[in-house]
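First comes the structure, then the notes that go with it.
Order of writing sets the chain letters: A, B, C and D. Residues in each chain are counted from 1.
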Amino acid sequence: MFSYPLVNVLGACLIITSMMVVLARTGRAAAFLYSFQSLMLVGVLASLGFVTGSTELFTWSATAFVTKVVLVPAILLFTLKKIGKDAQADLPPKLNPMKSVALVAVEVFVCFVAVSSIDLPTALEVKPTLAVSLAHFFIGLTCIVIQRSIFRQIFGYCLMENGSHVTLALLAPQAPELVEIGVATDAIFAVVILAVLVWRMAHYAHTLDADDLCELKG
Amino acid sequence: MDYSTILLILLGCPVLAALLIAVLPSKSTPRAAYEAIHVIALIAVAVAGLTLSVSAFMGNDIFAVGEWFHLDGLSALFLCLIAVIAPCTGIYSLPYVAHDVADGKLGPSQVKQYYAFFSLFVFSMILAVTSNNIIMMWVSVEATTLSTVFLVGVYRTKLALEAAWKYVIVCTAGVAFGLFGTLLIYANAADIMADPHQAVFWTAILPNAPFMDHSLTMIAFVFAAIGFGTKAGLFPMHTWLPDAHSEAPSPVSALLSGVLLKCAILIVLRFFILAAANVGDSFPQTVMMILGVLSVCYAAFEVYKQNDLKRKLAYSSCENIGLIAVCFGIGGPLGIIAGLVHCVAHGLTKALMFCLSGNVMMKYHTRDLSKISGLISVAPVTGVLFAAGCLALAGFPPFAMFVSEMFMILAGVAAQVWWAVVLVLIALVVVIMALVRMITGSALGRAPEDVKRGDVPVLALIPEVVLLVLVLVLGVALPGPLAGSIENATAIVLSYEDENLANDSLFEDALAALAVVEVPEGVFE
Amino acid sequence: MELILLSLGLSCVTGVFSLVTSKAHAASKTIACIGGMAAAVLSFSGGIGALFQTATYASWVGPMPFTNFTLLLNPLAGLLIAVIAALAFAAWLYGLSYFDEYYDKGIGIIGFFMNLFIASMNLVILADNAFWFLVFFELMSLTSYVLVIIDQTEKSLKGGFLYLIMAHIGFLMIALSFFTMASATGSLEFESFRTCAFAPGIATIAFVLAFFGFGAKAGMVPFHSWLPQAHPAAPSNVSALMSGGMIKIGIFGILKVCFDLLGVAGGEISWGVLVIVIGAVSSVLGVVYALGEHDLKSLLAYHSVENIGIILLGVGVGIYGWAADLPWLAAVGLLAGLYHLVNHAMFKGLLFLGAGSVLHATGTRNMEVLGGLARLMPVTAVCFLIGSLAISAIPPLNGFVSEWFTYQGLIGAAMDGDLVMRIVFAFAVVALAITGALAVTCFVKAFGVTFLARPRSDAAEKAHEVPAPMLIAMVMLTVTCVLLGIGAAFVAPSISSIAASILVAPAVPVAEGTTLISLDTVSVVSPLIMAVLMAVVIAICVLVRNAANRKAGIKSDPQTWACGYEFDLTMETLASTVGANVKNFMGPLYAIRYGVNRAGEAVSRLLGRTLNPEKRSTESAQHDPEGTLSRFDRDRVHGIAPAEKRAPALSNSVFSVVNDLGSWFGRMESGDFRTYIVYIVGALIFFLALIILVR
Amino acid sequence: MTIIVAILQAVLLVTLAPLFSGITRKIRAKMHSRKGTSIMQDYYDLAKLWRRCEVKEGGSGIISRLTPPIFLGSFILVAAGLPLVMQACPVPFLGDIITVLYLMALPRFMFALGSIDSAGSYTAIGGVRELLVGVLVEPSLILVLFVAAIAAGSTNLGIMANAVGTLQAYPFVAIVVAGVACAMACYIEMGKLPFDLAEAEQEIQEGPLAAYSGPSLAMIKLGVSVKQLVVASLFVAIFLPFGAATTAAPLDLLVGLVSFLFKLLIVMLIASVIENSVMRARYKYLGRYTWFVVGIASLSLVFLVIGI
């Protein structure tokens, strides 16, 4: 049961959930979806732990559960509440859902092609997941690029973070816990800071529209 | 007290200071308390940093917490930069913040935030420089971004917040690529090393570097160069740089430009060393060269065009980082020496210039160069410093950047990369045009009527004078310890080369090598 | 050597003292001037001493770990140092009174930077190490830049800006040249260059780069544009120092690189041809553009371009003779070049001081509103007249001697030369002849319009003779000019021995008794005897005429006859009268400048339009604000330049192109950070593709 | 000995100058079918002026006073140095072509200054124009002399004269062409029609004299006549040295003197014939003519280079 195929299946779920995060209509929905998607991530980590027998990964999944499934969505929801009427947090994305899906598909494909050319003993079994993690990262980037609301761009950052987290777990299962904790706390701090920044933006500038943030130019 | 402890103290001081400041209640604590903590922490950083640097220059390799922290000649050079510039800008912050508070731009909580994050920022840079764990390196670079976001956005105007947002988004996105590069190196090393736990340590990877997979190492280097290059401000990843530098308070801009960019360059250099040890130096050199030449050429024209004082300086940073990249791209002992000297020279010069831009803003309340004129008659000391700083930045003797630029040209001519040399020189002329025009238009000329005569507080001038003196001293002489440290650092960078040139005087060896060694082929071969 | 080092130290100390005391204006000025004069005396004696000795070499472990601090004092360096010291002495002496006007502009700053400027010039000459040479070369530019912008007027700032940029471009070329050599020898010491036989290709690259680099400093065409803008802006005695002294460093550099550093590698005939052609073009264009100027100091500055051209002709003959292994030619060419170098330093220094006196007395440099000064300031007028005669190469003054040698060199070279060389030398001779004739015209204009006829403005009417220190300085230089002319037979052999030391060859005989001889062209001239004869003949004529006058009487009629019209001051000859006439015949040469400027403007416009289409539409609406002035007023303000159509200077076009490129690049940063992220991804993809390419 | 020859030459040219001027006036009158004045008329004029009171006009000062002596004196000096009666320079250090050319620049310089000094507008225009004529003639003159110098192997006029006189100057055609160009250049320099009308007030050469009077005017008028003779002699000396003495023997010198006067007379005659058969050209178009001369001079250079 706990073998590489499970890891790969969970990896595929990651892609789908992350796409849902990108496509979600409201910030609230996105936050819940993100929580769900992080759960998948925890699953991936845990199953990897079973597969490789590395105890570190269990610690990882535990921290990931606390930070990503619980803390981050909570922070984001809290931010959304704080923003309240200060500014419109839900803005339609620059790209319509159809095109976004197509774009994501292309990215996943490219990542698969790219990863398939890599031969690394550690990653031999989990190549699909490796590709997924890379694609996950790029989906996060896509989210930042296509969203107009900077609140939604935080999700983009979180997705990127998740993607690199998975990669870290795949490529460095034996890395010291401290490293992982560093990465995880970094992510938490980043989200907190982004959230505060978004709140301030709403509070002081009354806009969350990225198109309004083009005053500083070359 | 052994050096490892000092290293820990060095790391601990700013964190403690930041925590202490954060804990104090913002409403009731007088500003002086923050300032005292701030200054004490920075002085501790200066003392500890310089002590460590000096011992590292003597040839000590200092490790702490196992192998997690490591200070060698190379990182000591950058630590030295932090230890000098951070206190200078820190002390400069006092009058600057006081001025802004008096102007009503900053409230008490913002002041608290400013000092807390300032210490945190210093900490994260020290961490980036001293960490030996490559993943930790990434974490610390990310930490520098996070700790400076609120410094950039401290004014809470729309523009400042916009700049902060751009800064954090572009940098985290870029630096995330760096994580991929780091991970690839780690995975690669873990495969071949007996103890995979050791594969996170840079010092442990280096001896095994030649056995890593070539394609992966190249990919990893590209990721690292792009990722950490974003933080360093290389074209086309530099886009956050002018915005953040222009909107941040001047001391922060000074620290960002003077030190942070160099720290990022150090990280890139670490990966450069690994990649060069693995695939030979021509590929990483090509990458650095392309990034460098593009940065220099792009930024030079932007420097000329900009009409905003701090944006101009920011683009000039981009241009100088490009020059450093070109130096590493040229390679060879001379190129590396040139790059390292330029790191130091530019760090000091740019810190000076950003501090001076703070003076200008205190007097004129604008960054628009068309409204700034007659600085010398308005504030004589600032004006003279400003003119001297511009000349220093333009690479005139007797200032430090002249030496490194000469080295770069020499290295370029010796390596026969004429195309790069010519492009860079054209760009340099454009930059000089821009800077001399700035002297002509802003430092000199008729002062506007509505600006009050008189200089800024003495406390603001002292750090600037110190920086200018340093720039001047480095321009007329490379003192023994510094020269030695640069030799050490270069030797570390060149460790991938077979013949170890680091005997008595690397400088002379490097020069002499030009004549003996067959001139290397163009970087593309 | 010790004397010179002492003088350098003295200069620095004086400079610092002058800066420290800058609040007490008079004290600061006096310290600077007296100290400067003392330093000048020291370095002059040191320089003269070095002329007749073998080279002294000194090397210390410098503050830079990679290279020593090395100085070399050889006869050539001695000559340059002596020349600059002489000028510096005059300039400081002059400054004793002249700087009174600069009390409120920062006299301490002038004292400091002028001392440093002189010291750095001396150090450039002495430095025998590529790195330190470059350092001092840049310092020289920088210190003189400060002196140029000391007035802080818009014009001086603009001139200074252009100057610094051009100097820096030249500097970069020199750096490239030195580093090309250094990368072949592995050392930055000139001593190692000197002993290295470079491959011909490398030697040619190094020479050409150095030639253009130093040429930019010397102000030769096509790098001359800074000179007429920067020199006039500086205080007049600084202009004298810059025009008389600093630009000679460019010539010194060319000589040093060619004969000294590349000496072992040997020269190429083509180098000589390059130098001669550039020299010929510089001399003609320099004087032609000088004729178009109204500003007395700009006019003199353009004449520096001309004279640099003449010096280059001599040097070119020297290089040609050296490369073609014709020892007499090499020696006489260098002799001509060096002699003219010394001469030009003296008379150009004198003329700038004279212009300074005019400025001091009247407050303007515009010749159109001067006139009639000869009666009010007779000593200045006489000095200026002698300077004008000297620079016009009228025998028996010093300008004539050096040009005579230049002609002999060129004609002698043509005698030995082959088909192509003969045409080149014929071209050079014709250029030199035209230059000579135009120089006469130009100085008739400069002297006549400024000093003769009646004053054309209040300022000119109220002029007064300048104070004694200024007069003494001018008289000193005047006497030097005369002595260098009639005493040529005694000066030429020593300069010839310097030329011989440059060429490492025995000196050729150039003088016998009081006559100068030119061996190859079998010709002699004796300025001294000629002077005596002229004096006698002219004296006889004067006596005869005066005797007749005494017999018949002499009356004075205050009215000027104007063919029956009522006389008015605008009838007098203005600078523009001369200019308009010149333009009649030299039109095509002005058209070159106009054409080049116009082409530059067109290119920059085109580029601007294509790069930034929306920005340009507003600019076309601007029109020439001077269009409404009458022709006469326009001429009074601008000289004959408006008579040729004005186009914005080439430098402006360059700036505009740079700005447009900047804006175009800047469009990349649209302000939208989402595109920024796309750039990062793009860069990543680019480099990943590069990996695929490499593997 | 040669010094005496030099002095003799100078005195001779000065004394003969008004005579030649008178002769050309006579020829002009004849060609105009007028009776004309006596050929001695110039002497009378000078003598008359000599006795007149002098008026210092307008703003003129010392420069105006100095101009006539310097003008005349310089040409006397040039005259003394030319190889006129001998095929060698009587005073060698005055006989270099460069010296001669630059010595002739001094009077031009002073002449123009004098014209500006009197503050009149007409005088100054003349002075400036005179300078510019010099500028236009200079290139062709120097080119011709360059060719001759290379052909003769020296820049000394005596040696050049000797080389041409003994037919040793090598590219023969080049010398002949150069001679033609030189003749034309000298003709322009002499201030004759169509380029100038030397004895008409308000023309180029005499215009500047408007402010002069009395002995000064006499002296400068004499100077102008001497200048014409000197310029013509320069041509004669270099390109028509035939008959001049090769040794310093008195008989040879006598022959030389006679032949020189004869040649000079012929040259002046031809010049005045040409002068009276053309009309005045506009000053503005002077450049066209001089370009033509430069063309011929260049042709001689080409012949020299290819050795014909």
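In this section, a residue touches a chain if its C-beta (ideal position, glycine included) is under 8 Å from a C-beta of that chain, and two chains touch if they have at least 3 such contacts.
None of these values were measured; they are calculated from a predicted model.
**Student:** Give the chain pair, either A-C or C-D, that is connected by more C-beta contacts.
**Tutor:** Of the two interfaces, C-D and A-C, more C-beta pairs touch across C-D.
**Student:** Relative to the centroid of every protein C-alpha atom displayed, which chain's own C-alpha centroid is closest?
**Tutor:** Of all chains shown, the one whose C-alpha centre lies nearest the global C-alpha mean is C.
**Student:** How many Å are there between the centre of chain C and the centre of chain D, using C-alpha atoms for each centre?
**Tutor:** Averaging C-alpha atoms per chain gives centres 36 Å apart.
**Student:** Taking each chain's centre as its mean C-alpha position, how far apart are chain A and chain C in Å?
**Tutor:** 68
**Student:** Could you state the distance in Å from the CA-based centre of chain B to that of chain C?
**Tutor:** Roughly 42 Å separates the two chain centres.
**Student:** What whole-Å value do you get for the distance between chain B and chain D if each is reduced to the mean of its CA atoms?
**Tutor:** Chain centres of chain B and chain D, defined by C-alpha means, are spaced 77 Å apart.
**Student:** Out of chain A, which residues touch more than one other chain, so two or more?
**Tutor:** 141, 144, 213, 215-216, 218
**Student:** Pull out every residue in chain B that's touching 2 or more other chains.
**Tutor:** Residues 165-166, 169, 173, 215, 219, 242, 302.
**Student:** Can you list the chain C residues in contact with two or more other chains?
**Tutor:** Only 665-666, 668-669, 673, 677 qualify.
**Student:** Which two-chain combinations touch?
**Tutor:** After working through each pair, the chains in contact turn out to be A-B, A-C, B-C, C-D.
**Student:** Mind listing the chain C positions that touch chain B in their complex?
**Tutor:** Chain C reaches chain B through residues 62-67, 131, 134-136, 138-139, 142, 149, 152, 154, 157-158, 160-161, 164-165, 168-169, 172, 175-176, 179-180, 182-188, 655, 658-659, 661-663, 665-666, 668-669, 673, 676-677, 679-680, 682-684, 687-688, 690-691, 694-695.
**Student:** Mind listing the chain B positions that touch chain A in their complex?
**Tutor:** Residues 133, 135-136, 139, 142-143, 146, 149-150, 153, 156-159, 161-166, 168-169, 172-173, 176, 179-180, 183-184, 186-188, 190-191, 196-197, 200, 213, 215-216, 219, 242-243, 246-247, 302 of chain B touch chain A in their complex.
**Student:** With touch defined as at the start, can you tell me which chain A residues reach chain B in the complex?
**Tutor:** Checking each residue of chain A against chain B gives 118-123, 134, 137, 141, 144, 150, 153, 157, 160-161, 164, 167-168, 171-172, 174-176, 179, 182-183, 186, 189-190, 193-194, 196-197, 200-201, 204-205, 213, 215-216, 218.
**Student:** Applying the document's contact rule, which stretches of chain D touch chain C when the two form their complex?
**Tutor:** Residues 50-59, 61-63, 66, 68-70, 72-74, 76-77, 80, 92-96, 98-99, 101-103, 105-106, 108-109, 112-113, 115-122, 124-125, 127-129, 131-132, 134-136, 138-139, 141-143, 146, 149-150, 153-156, 159, 202, 210-211, 214-216, 218-219, 284, 286-287, 301, 304-306.
**Student:** Which of the residues in chain B come into contact with chain C in the complex?
**Tutor:** So the residues of chain B touching chain C come out as 165-166, 169-170, 173-174, 177, 215, 218-219, 222-223, 225-226, 230, 236-237, 239-240, 242, 283, 286-287, 290, 298, 301-306, 391, 396-398, 402-403, 406, 409-410, 413-414, 421, 425, 428-430, 432-433, 436-437, 440-441, 444-446, 476-480, 483, 505, 507-508, 510-516, 519.
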